[in-house]
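Two complexes come next, and they have one chain in common, chain A, joined by chain B in the first and chain C in the second.
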Partner chain A sequence: MGSNRTGWLMLAPTLLILGVFGIVPFFYVLYLSFHQWNPFAANPNMIFIGANNFRRLVFDGEFLTSLWFTLKFAFFAVVSEIIIGYMLAQMLTRDFYGKGFFRTIHTLPLIVAPIVVGSVWRLMTTPSIGIIPYYLNKWFGYQLNIGSDATAAFIITVIMDIWHWTPLVTLTLLAAIVSLPKDPFEQAQIDGANRWQIFWHITLPMIRPAILATVFIRLMDALRTVDEVWMLTGGGPGAATRFVGLHIWKIVFPKTDYGYGSAISIIVLYLTLVMCWLLYVGLVAPRVRRSKVNADA
Partner chain B sequence: MQTRSPLIGMIFWIVLSFVTLFPIYWLFVISVKPAVDLFSSPSVFLDTIYWNNYAKVLTDETLRRYMFNSVVISSGNAILVTVLAFFACYALSRYNIAGKENIFFWTITNRMAPAAVFLLPFFLLFTQVFAFGDFKLYDTRIGLILLYCTFNLPFAIWTLRPTIDGIPKELDEAATVDGASTWQVIREVVFPLARPGLAVTLILTWVFAWNEFLLAATLTSFNARTLTTGLSEYVTTTGTEWGTMAAIAIITLIPALIVFSVVQRHIIAGLTFGAVKE
Partner chain C sequence: MAEVKIKDIVKRYGELQVIHGVNVDIRDGEFVVLVGPSGCGKSTLLRMIAGLEPISDGEMLIDGKVVNKVLPKDRDIAMVFQSYALYPHKTVAENMGFSLKIKGVPKPEIEAKVKQAASVLDLGKLLDRYPRQLSGGQRQRVAMGRAIVRDPRVFLFDEPLSNLDAKLRVAMRVEIKELHQRLKTTIIYVTHDQIEAMTMADKIVVMKDGYVEQIGAPLDLYDNPSNVFVAGFIGSPSMNFIKGSIRSDGGAQRFVSDHGSVLPVRPLPVSDGHPVIYGVRPEHITLGPGGLPVRVAVVEPTGAETQIFARSNEDAIDAMLRDRIAVRAGDHVNFVVDPVNAHVFDQQTTKRIS
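Up next is the complex of A and B:
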């Protein structure tokens, strides 16, 4: 019905905006990545240097470290969130007094702006005003100082991420668990399986697609974390929490190394998309296909 | 995992709720204390409430401008995005557009890219390329309103599409047979039925725009700064004004809390990109 021209007209503004703000910047940054350009250097002009930026990048310890920290951060945060989130989801499947209320409270951190999350954790952990260092010192004699202790700062960023995003995992896995059929569980109980066996052989295989989808969503977000960490540590102490997003910002703005910053941007974009794509194709898609085949059979 | 006694389960959930709420409560505690009280031993309880931090924030000309900008930018963006997504979804749902599934998928990928990657091109485009005479997009509210479409528009299209697809085509056809124009069909038939979905989209995109920080911090300098960037300024420049910073953070938090209470059920579907529906 209707002519397709009307349809294209309705779609046109969306395509125009996403084209101008999505495709143009991509090709622009790709173009810049093959140039040397620092407007405040001795030679402020743009010079074509082929793939030199990318060659420099492979041997850039700072960049590789930030990449490594980002991966480590994403790994610890996502794994903890999946484990804690799964346990909480499992607990929420039974009925108890005030369940809806507790679930609502548990959902709350999701809507808090990342920059506010960073502020909150900064106020909690800054020595002399924060409550965490105060009691750690009073009860255990441990001096927590995220301004000088690299490991402590890294751990706090992970804890902050767990606080912020575990509810997402809980609620997505809860949705998956409640939609499971009851029969296999009853059958297993009749056959005398214990809780662990039921979890390992029945629940886990059945909710695997939901777990993988959640990992996929969380990983994508964890890899681009900037705001919270910006506020909490500013990437410090040293470069202990300078994740790739912050690293790009530091290369591009304070150092105005536009060409090299572009090369890093392109590589980070490539790695993020490839990682997500691999995870999706390698883990999520085959399960979906297989479960479809099973359903058809 | 095994809670045998309901009491133990209850205690567990109370402790967990405490862990969830305490950081936000602590933010509030800091925001209602005078600066001199902060550095004595941290006290969890409030003896007196000191509102001056809020008074200071609300009377500060600069911060008031930031708040105003935040409201204008998030509202402008949410309305723009919802309207565009409504028409885009209608087109994708009702017209036989070549390669429409590819178009749909491409719009979604726009949101997967990390914002940090596009900081430099956006900065250069906004300061040098997207200029019309003396007018540049850099440091303007309209610049941010358009820019936020890159992450909000894919989201809105993703969440609205099932709503529009779910409205039976027969209704459109019946109205067309009765002599209604396409515009009348959209206004009289589709829009009223899509209204709940549109409301949720509008509210969630509003919050995403309100919460955004990195792009706003990079692409504004003075006129169009938002509240989230104001919050970050208080940390980098003056480490001593913790109370003021906490008060700004609470003010940034309030609209999100209100929204949370209104559309709580839809937040999950929104954040998981519709992959999981509750």
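Up next is the complex of A and C:
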């Protein structure tokens, strides 16, 4: 009994913080999403409107476009980060001159705040003063202007996200790779596998849990990207980079439409959960089930 | 089926040389055991045969072809690792069939071969399991099955039994030997356990500190160890060694220890007073009249045998007797040695004299 109480006491601060900053706001947002509430409007009262916010959402072209852009953004960013991160992790398992220096430099973006990343990239991409437009023009004669070219703006946001978050992927995959046992790889060589076959049949399945965990983390992050992009493009040009997080921000803050913004937040959370669940069902669960069946046999 | 020639093989890690010009000829179908204490370079040598470790100097030939620069995947050898090195994410069947799949062998053929190997190793019911669902002994079998399926030119075993319990180890020893008799494929087997070496090998290569100490048939090594190290390493319990010199004093030669114990020898080509190490195996000592008077220190009866740890002056001598003998600590008995069973080594070179 005594130890039980001590246990709860030890957990109390965490539970308190989680409750105050996580659970209570969540239910508050859920509550808001069923209301019409604009505290700065003529009628600042909260009015219960049932599922009307959600109904509005389905026909909201702006929202659907932003969702589509977000999915594209998340897909390109996460896939690139995993591929580049894996290659860098493999490189870091080998010894080369300046490895320590490279690892430090490469990890630096991780400790930079997103808002700063956005500012830096904004500086680097501003047509008259940025280094990127300057060299693109000098070397390829290409005029980069993310203020007017929607595709270029979208690509730059993806590249910025890759720049910022690939180090995280590298670190997690590097940890996974170095903790792998050495013997199966030697066995695979003896079994006659070439490098590609070893990668495909041995390395990839063995670091699969780490890859999946990283994909989950990065996917969730990418779906709620706000600050970097807000700083870089402000969602423009037009709405070309107005990802769903930015869209919510625009509705909640400049437009102060709290009810509708809450509804979008809830839906985005729901979609994120569904996507992770689909990934889990598609990639993780079959294996677990398969081995359970075998264990029972 | 292949013969393996190891010619002046040297292994260096930077400045550090760990294998110093090793030469071994392995005939087609031979079962060769590399044995030695840990750190003697036996596993490194095996890994060089496999191609997992680059060769610093010398030549490695498989079937007459130099393979120094040939990748492991192109050497057509199979290896069983001490850790078994099973692919954790593949089932037993997938583990066993992997090498064939890589080669592009048609699926039905892979299945047939896996099934056949599984039945040989009694793995039939485990084919759909994952390595983590198997016991140590079963994993060991899968590792062997994976090697058998290959039908390789050479089998390499790197201490495959050292993670098994004593009983299973004996059983697997017999199985590997049977396997060799049936397949007649060249086997190179690394172990630190001299019993494994003695029971399984056609030929034993005893290594120490990166040098080959002696190569020969098991009983040959047992009967005629070429130096003190081999004499002490082969045989269990280990051979008794006593320091002393050869004396004749005009009559027949005999051994006199530094502490005055006297033991018989065969005629030796050495001068009087030559410093030697006298070796005799515990199992070659009998009790009887005459011989060396000793005081019993400890008696260890094991049922089948009785081991006596005794002292003669300051010299420690063990005897392993076939019978149950009513001796107790503190008793005085006589140890009798047939000079035929005495091994005499030069003290300076530790090489065999007789």
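By definition in this document, the second predicted complex is superposed on the first by the 251 of 297 C-alpha atoms of A that agree within 3 Å, B and C clash if a C-alpha of one lies under 4 Å from a C-alpha of the other, contacts with A are read in each partner's own complex, and residues count from 1 in each chain.
Assume contacts are C-beta pairs under 8 Å (C-beta built on N, C-alpha and C of every residue); 3 or more make two chains touch, one makes a residue touch a chain.
Computed from a predicted structure; not experimentally measured.
J.: Superpose on chain A as described above, then tell me if chain B and chain C fit or clash.
T.: Aligned on chain A, chain B and chain C fit with no clash.
J.: Where does A:Leu64 make contact in the superposed view: on chain B (first), on chain C (second), on both, or on neither?
T.: It touches nothing on chain B or chain C.
J.: With the two structures laid over each other on chain A, which partner does A:Met87 touch: chain B (first), chain C (second), both, or neither?
T.: First partner only.
J.: Would you sort A:Asp183 into first (chain B), second (chain C), both or neither based on which partner it touches?
T.: After superposition on chain A, A:Asp183 lies in contact with chain C alone.
J.: Please indicate which partner A:Val281 is in contact with in the superposed arrangement: first for chain B, second for chain C, both, or neither.
T.: neither
J.: Classify the contacts of A:Ala41 with the two partner chains as first (chain B alone), second (chain C alone), both, or neither.
T.: Neither chain B nor chain C is touched by A:Ala41.
J.: State whether chain B or chain C is in contact with more residues of chain A in the superposed arrangement.
T.: When the residues of chain A touched by each partner are counted, B comes out ahead.
J.: Touching A:Ala51 in the superposition: chain B (first), chain C (second), both, neither?
T.: So A:Ala51 meets neither chain B nor chain C here.
J.: Between chain B and chain C, whom does A:Met206 touch in the aligned arrangement: first, second, both, or neither?
T.: second
J.: After the superposition on chain A, what is the angle at the C-alpha centre of chain A formed with the C-alpha centres of chain B and chain C, rounded to the nearest 10 degrees?
T.: 90
J.: Quote the smallest CA-to-CA distance from chain B to chain C in the superposed model, rounded to whole Å.
T.: 15
J.: Which positions of chain A sit in both the chain B and the chain C interface?
T.: The overlap between the chain B and chain C interfaces on chain A is empty, containing no residue.
J.: Quick check on the complex: what are the chain A residues that touch chain C?
T.: Spelled out, the residues of chain A in touch with chain C are 181, 183-184, 186-194, 197, 201-202, 205-206, 208, 291, 294-295, 297.
J.: Mind listing the chain B positions that touch chain A in their complex?
T.: Listed in rising order, the residues are 1-3, 6, 9-10, 12-13, 16-17, 19-21, 23-24, 26-27, 30, 38-39, 41-42, 44, 84-85, 87-88, 90-92, 94-97, 103, 106-107, 110, 112-125, 146-147, 149-150, 153-154, 157, 169, 172-173, 176, 182, 207, 210-211, 213-214, 218, 228, 231-232, 235-236, 242, 245-246, 249, 252-253, 256-257, 259-260, 264, 267-268, 271-273, 275-278.
J.: Spell out the residues on chain C that touch chain A in their complex, using ranges where they run on.
T.: Contact set of chain C toward chain A: 50-52, 71-75, 77-79, 81, 83-91, 98-99, 102-103, 128-130, 133, 146, 150.
J.: Can you list the residues on chain A that touch chain B in the complex?
T.: So the residues of chain A touching chain B come out as 1-2, 4, 6-8, 10-11, 13-15, 17-18, 21-22, 24-26, 28-29, 32, 87-88, 90-91, 94, 96-98, 102, 104-116, 119-124, 126, 128-131, 134, 163, 167-168, 171-172, 175-176, 195, 210, 213-214, 217, 220, 223-224, 226-227, 230-231, 234, 244-246, 248-249, 252-253, 258, 261-262, 265-266, 268-269, 272-273, 276.
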